[in-house]
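Once you scroll down, you'll see the structures, which are given as structure tokens.
Two complexes, one shared chain (chain A), two partners (chain B, chain C).
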Partner chain A sequence: MNYFFNKNGPLISTYFVIAIVFWLVFLIIIPQLYMLDLSFRPNLPPLLRGGPDDVHTLTHYKYFIFGSETSDDPYNYVDIGVFFNTISTAIFVTIINLCFCYPIAFYMAKVASPNTSRLLIVSLIIPFWINELLRSFALRILFAGEGVINNILLGTGLIDSGINFIAMDVALYTGLTYAYILLMIFPLYNAIESLDKNQLEAAKDLGSSTIRTHWRIVIPHAKAGIASGCTMVFMLTAGALATPVVLSSPNTYWFTQLIYQWFNMNDNWSRGSAYSILLLTVSVVFVLLMMRIFKVKIGEIIR
Partner chain B sequence: MKSQHALNFLLGIYIFIFFSYLFGPLIIMSITSFNSLEFPSITPWECFSFRWFNEGKIAYDGQHLAGLASDWRLQDGLIKSLIIGLGVVILSVPIGMAASIVLTQVHSRLRTVFYSVSIMPVLFPGVIIGISTVVLWDRIATIGGEGLIADIGRNGIFLTILGQTCFISTYCFLIFVARLQRFDQTQEEAALDLGATQTQVFFKILIPYLMPAIASSAVIAFLASFENYNTTVFSILSDQTLTTVIASKVRLGISPAISALALVIILLTLFVAIIYEILRRREDRKKKERQDQLIYEETKDSRLKKEAKKSFKLPKSIYVFLFIFIVGIFGFNQLIKNGLYGKECVAAAEEAKKSNFSDQLKLLQQNAESVDEKALEGGELGGNKDYGDIFGDTNLFKDFGGFDTKEDNKEE
Partner chain C sequence: MSADVELQNVSVTFGSFYAAKNVSVKIKEGEFFSFLGPSGCGKTTLLRAISGFLDPSEGKVLIGGQDMAGIGPNKRPTSLIFQNLALFPLMSVADNIAFSLEVRGVGKAERRKRADELLELIALTGQGDKKVHELSGGQRQRVAIARALAIEPEVLLLDEPLSALDLKLRQKMRTELRAIQKRVGITFIYITHDQGEALTMSDRVAVMNEGELEQVGLCDDVYDFPHTPFVATFVGENNPFYGKVISVEGDMVKVESHGNIFSAKAGKIEDKHIHKFSNGDDVIMFIRPESIFIKNENNKLDNNFIAKVNTIEFEGNLKNIYLSINSNMNVRFSVPNAVDTSELSNGKDVELTFSSQKAIVLPRGSLAVD
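Entry: the complex of A and B
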């Protein structure tokens, strides 16, 4: 510690300490811990907080699993269904994104000339500087009941009556895939780019087929990028709020929308916190799983 | 070799599809903002107009659809978004810088822990950061009682700045870490040996070296803050930023005014991207020229001397712009020829819709009357009575107000 102060001088050291403590303690750690604590407390009106009723309880987690006491179902099918639907959709979207992005990333990194790939990168970034809400809105214009796709299909006579893309959740899945595709491409691109082109040529000279080359050389080399891209896409998809708000059908809920409801409409902050903790747990488990499967460190996932 | 060509060709087609998937929706959205219909669409094209960029319109059924220029909520939200963006930049750039410099100074064991905690916020879903900030500060405000703390703790703008700073600092942190990896520590040591104080080293060596990182992290921080929705929607409480205004608009019903807003944002983005690209290329060229010059001076090899090219070379992309320009002119010409542009067209379409609407209203009333007569005649219909005859009430349509049908009713 002394060494630290000597090295930086008193003024700069003070600035460092204040900035880092403020960030790590007051912005990251304390809010999360407080939310965790709140999720174990009953939902009380402000006056009763800190009183005798304010004890630790598992009510909210029980509610998530068994539902309210007045309902007849043994389990809370609605919320659990939404939860697993959200997670499975997020995994599905992640896999789709990976499949879509791999050829593009490979093309940009190894096939295209530097100028072309530079141009491609710039044009990839442009759509992602535009607000997520507006991008979802663009898809909504396409998929709406009287939207562009329906009108074109009706006009050409391919279908007789409009298809309700939004109720079928096609719009939602497309929107989620669309929203975070960039976060899959860039880690993949960075990882593949560092691969030595000679290795590819050597594999070809030795008679390896294209698929085998990719499976045995490119993918193992790019595993950190794959892990990183998958983690980011999964996290953002599972925690997405803007896209489901715009594109989900009235009877499909995203887990974040449930949290939003408990929070803002039902004013039950502690239950909202409990649901948030569930979402956070899933995210953390997914990261750990990715680190395990691909044998990478956390530092390699986020760059 | 031939199969390789075929493969590359397929790859090219794939990339084309991919990019049309990326840009298609945005382009279509931009086009819909010029259609005067109140539902954003292309195929029933009514008129070409700029109304969604200006005052919007009052629809034939009395609903007011605001355009961009007349929407005070958007403007209010925009101002708040700018304030929040500024606050986030002011907080998160120094935090990210401090954390990244300290990371280079702590020893390896602590370093892993420190790094993991620092990048954690990126892995948290945005909603969770917003919620945790709100619940913590609500508690602080309750404990703090009346006064300054309570005011701060329930101020949406303040909470949003804090919540966004939590994870945007990590973005800044990562940018600084990348830059610091290439920092030559001997510079610092040299300065110290020559008698500089620690503070001087920081301001005279480290800060100038980090300047590009400071600039780019400030831009990234501002953009990330400006377009954030997930955290903001919780932490903003009763206030509104641009994104929450857009979200509530989209949820209430989709209007071409949002397309217009999107087009403005897209154009701004394109403008910034092009400027950035031009600056970067100029920088690259300068660097290359300097290097060539250096090589020439060292070797005095006349073959290496490059004449500065005087002639102005047209970039290839000019053809793309030319093509878009010509297509645009042609399309516009076509629009004017068919009378699909201008106030007359809009007025005519309005008139048509209005009369259509009143026709339907009349038909509805005629139906109601004819059913009434049948019911009075003692038919089996009776259904109307079950509903308390609500549709027979002539006052029902009075609330719509201001339509031609009202006069028609009186005459009947």
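Entry: the complex of A and C
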């Protein structure tokens, strides 16, 4: 701390400390703690808040598991189903994303000339100047029953009747994968970039096949980048709202859509909070799991 | 097993730039062969052409008599040691050494056995479980050698592997490398910009300049009979005397330079032929610092000249004495440290002497250092 102050001077150091503390305390810790507390309280009209009925309760978490008391089902199949579907789809999307981005990142970092790789980076970034909602609608146009892809396939005679990409959730998967591609590519790119090219040549010289070189040399070297990319993509995918709203099939629900409903349409903030906390918990567990699997420390992930 | 390597008119171009130009050389099997040249002269480029990381733009690379065109680095009987070693930092020392066996599907126990054998060869017995970063510079060096030897290559290629080490370690590693080469008996192709390294370790050297081979030969031949002014000045130290031929008698040439007349041997053009000079030719006569002596009763040789002492430099075992004949001709010679130089005060004229047998005349050409 002393070192930090001496290095940056008192003015800048004070600014940093205040900015970081403000950001952490007011924008993250306090609202989250408030949400956590809210999730354990009954949903009361404003007048009754702080009154004798405002006690800590597990009712919202019970609701998530057992459903409403008036329903016949022993468990809340719908919400639990949506929850696990969201998580497993997010994992699936993360894996697809990794498989898709790894070759691109490797190509940019180690194969392409500096100019080509700059060009690639720019052409990856530019589409993201367009806002997420618009990008999702563009994909909808592409995948719709009367959409571009169907028209092309029908026109060339490859298929006889239109394929319902939306109902099959192909559009949703594509949209979610594409939405956070940069957050996968850049950590991977940074990690692979720092690998000494001689390592690749040495492996090749020793007789290693391309796949084995990746498996034994590149991937172990890039594991912090992989963990970092997977974590971010998973969290953002699981927490995405706009893309699922636009692209999911009518009978697919994303967990964030449920949260949104509780907060906004049903005006039940405490249940919304409980559902948010559930999602947050799973995300944190996922991060810890990634760190475990890739044997990396939190500092390496954030790098 | 060991193989010979032949380069036939090999050229490598980057755009219109020739990094290697028409290089032809035959490296014998089991030989310790060095390419020696200043940095940027194309040594690494040649080595990459031999190992298969780049294809020559023209010419052929033959290993064991077989044309290597279209054969990748992982399929050639060569093994390359990189300038920065390129050890795998996330693997243990034993895994590094046995990597080439792992990729060939050799079982774990067998790999470990082979790694242990190689660790013994490089005098690192029992250190297989360490991580690379736990080793010292010299130990890493040896691990890189062991890793390259594990595939039992027929030719080992070494790209300035000692350049990162400090002087003492470098000298120790020279001896060690030479000993390892003798033990395994395979062809070593070594590249370096350090002439001391090349001369102490190699059977033969090839001196390179700007992508071309200037001279190939035994170390002492290259040192004693340089074929070009570049070789004369790049390999070891030399005093270039610019001058004109005034007479030729057999292989002895009389040269007039800076008001002195010297007699010297005509330099060689190839191993068997010497340069033919005629009167009036512009030439350079070379005489090495260790072949010049202060003239006295015991030391009277057939060439003599007078020069003024500028500085005396102490270099441990030697003393270097810098003198000038006139304002644009400087000379340097060296004497063992034990020799008394108290009479050589700065600014004093001294008479020096050298043998015509030690002086070599070559046509004018570019020098390594000006």
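Definition applied: the second predicted complex is superposed on the first by the 281 of 303 C-alpha atoms of A that agree within 3 Å, B and C clash if a C-alpha of one lies under 4 Å from a C-alpha of the other, contacts with A are read in each partner's own complex, and residues count from 1 in each chain.
One rule holds in what follows: contacts are C-beta pairs under 8 Å (C-beta built on N, C-alpha and C of every residue); 3 or more make two chains touch, one makes a residue touch a chain.
Only a predicted model underlies this, so the values are computations on that prediction, with no experimental measurement involved.
Colleague: Thinking of the overlay built on chain A, is A:75 touched by chain B (first), by chain C (second), by both, or by neither?
Modeller: A:75 contacts neither chain B nor chain C.
Colleague: Return first, second, both or neither, reflecting whether A:241 touches chain B, chain C, both chains, or no partner chain.
Modeller: After superposing on A, A:241 lies in contact with chain B but is clear of chain C.
Colleague: Quick one: classify A:11 as touching chain B (first), chain C (second), both or neither.
Modeller: In the superposition, A:11 touches chain B alone.
Colleague: Just chain B (first), just chain C (second), both, or neither: which does A:201 touch?
Modeller: A:201 contacts chain C only, not chain B.
Colleague: Just checking: does A:273 make contact with chain B only, chain C only, both, or neither of them? Give me first, second, both or neither.
Modeller: So A:273 only meets chain B here.
Colleague: Taking the superposition on A as described, I'd like to know which of chain B and chain C A:215 touches: first, second, both or neither.
Modeller: A:215 contacts neither chain B nor chain C.
Colleague: Based on the superposed arrangement, let me know which partner A:84 touches: chain B (first), chain C (second), both, or neither?
Modeller: neither
Colleague: Residue numbers of chain A touching chain C in their complex, please.
Modeller: Residue positions touching the partner: 196, 198-199, 201-209, 212, 216-217, 220-221.
Colleague: Under the stated contact criterion, what part of chain A meets chain B in this complex?
Modeller: Its residues touching chain B are 4, 6-9, 11-12, 15-16, 19-20, 22-24, 27-32, 34-35, 38, 46, 49, 100, 103-104, 107, 111, 120, 122-127, 129-142, 144, 146-148, 151-152, 155, 178, 181, 210, 231, 235-236, 238-242, 245-246, 256, 259-260, 263-264, 269, 272-273, 276, 279-280, 283-284, 287, 298-299, 302-303.
Colleague: Across the complex, what residues on chain B touch chain A?
Modeller: The touching residues are 7-8, 11, 14-15, 18-19, 21-23, 25-26, 28-29, 32, 39-44, 94-95, 97-99, 101-102, 105, 112, 115-129, 131-133, 135-136, 138-139, 142, 162, 165-166, 169, 174, 178, 197-199, 202, 223, 227, 229-230, 233-234, 243, 246-247, 250-251, 254, 258-259, 261-262, 265-266, 269-270, 272-273, 277.
Colleague: Inside the complex, what are the residues of chain C that reach chain A?
Modeller: Residues 51, 53, 72-74, 78-80, 82-84, 86-88, 90-91, 99-100, 102-104, 147-148, 150-151 of chain C touch chain A in their complex.
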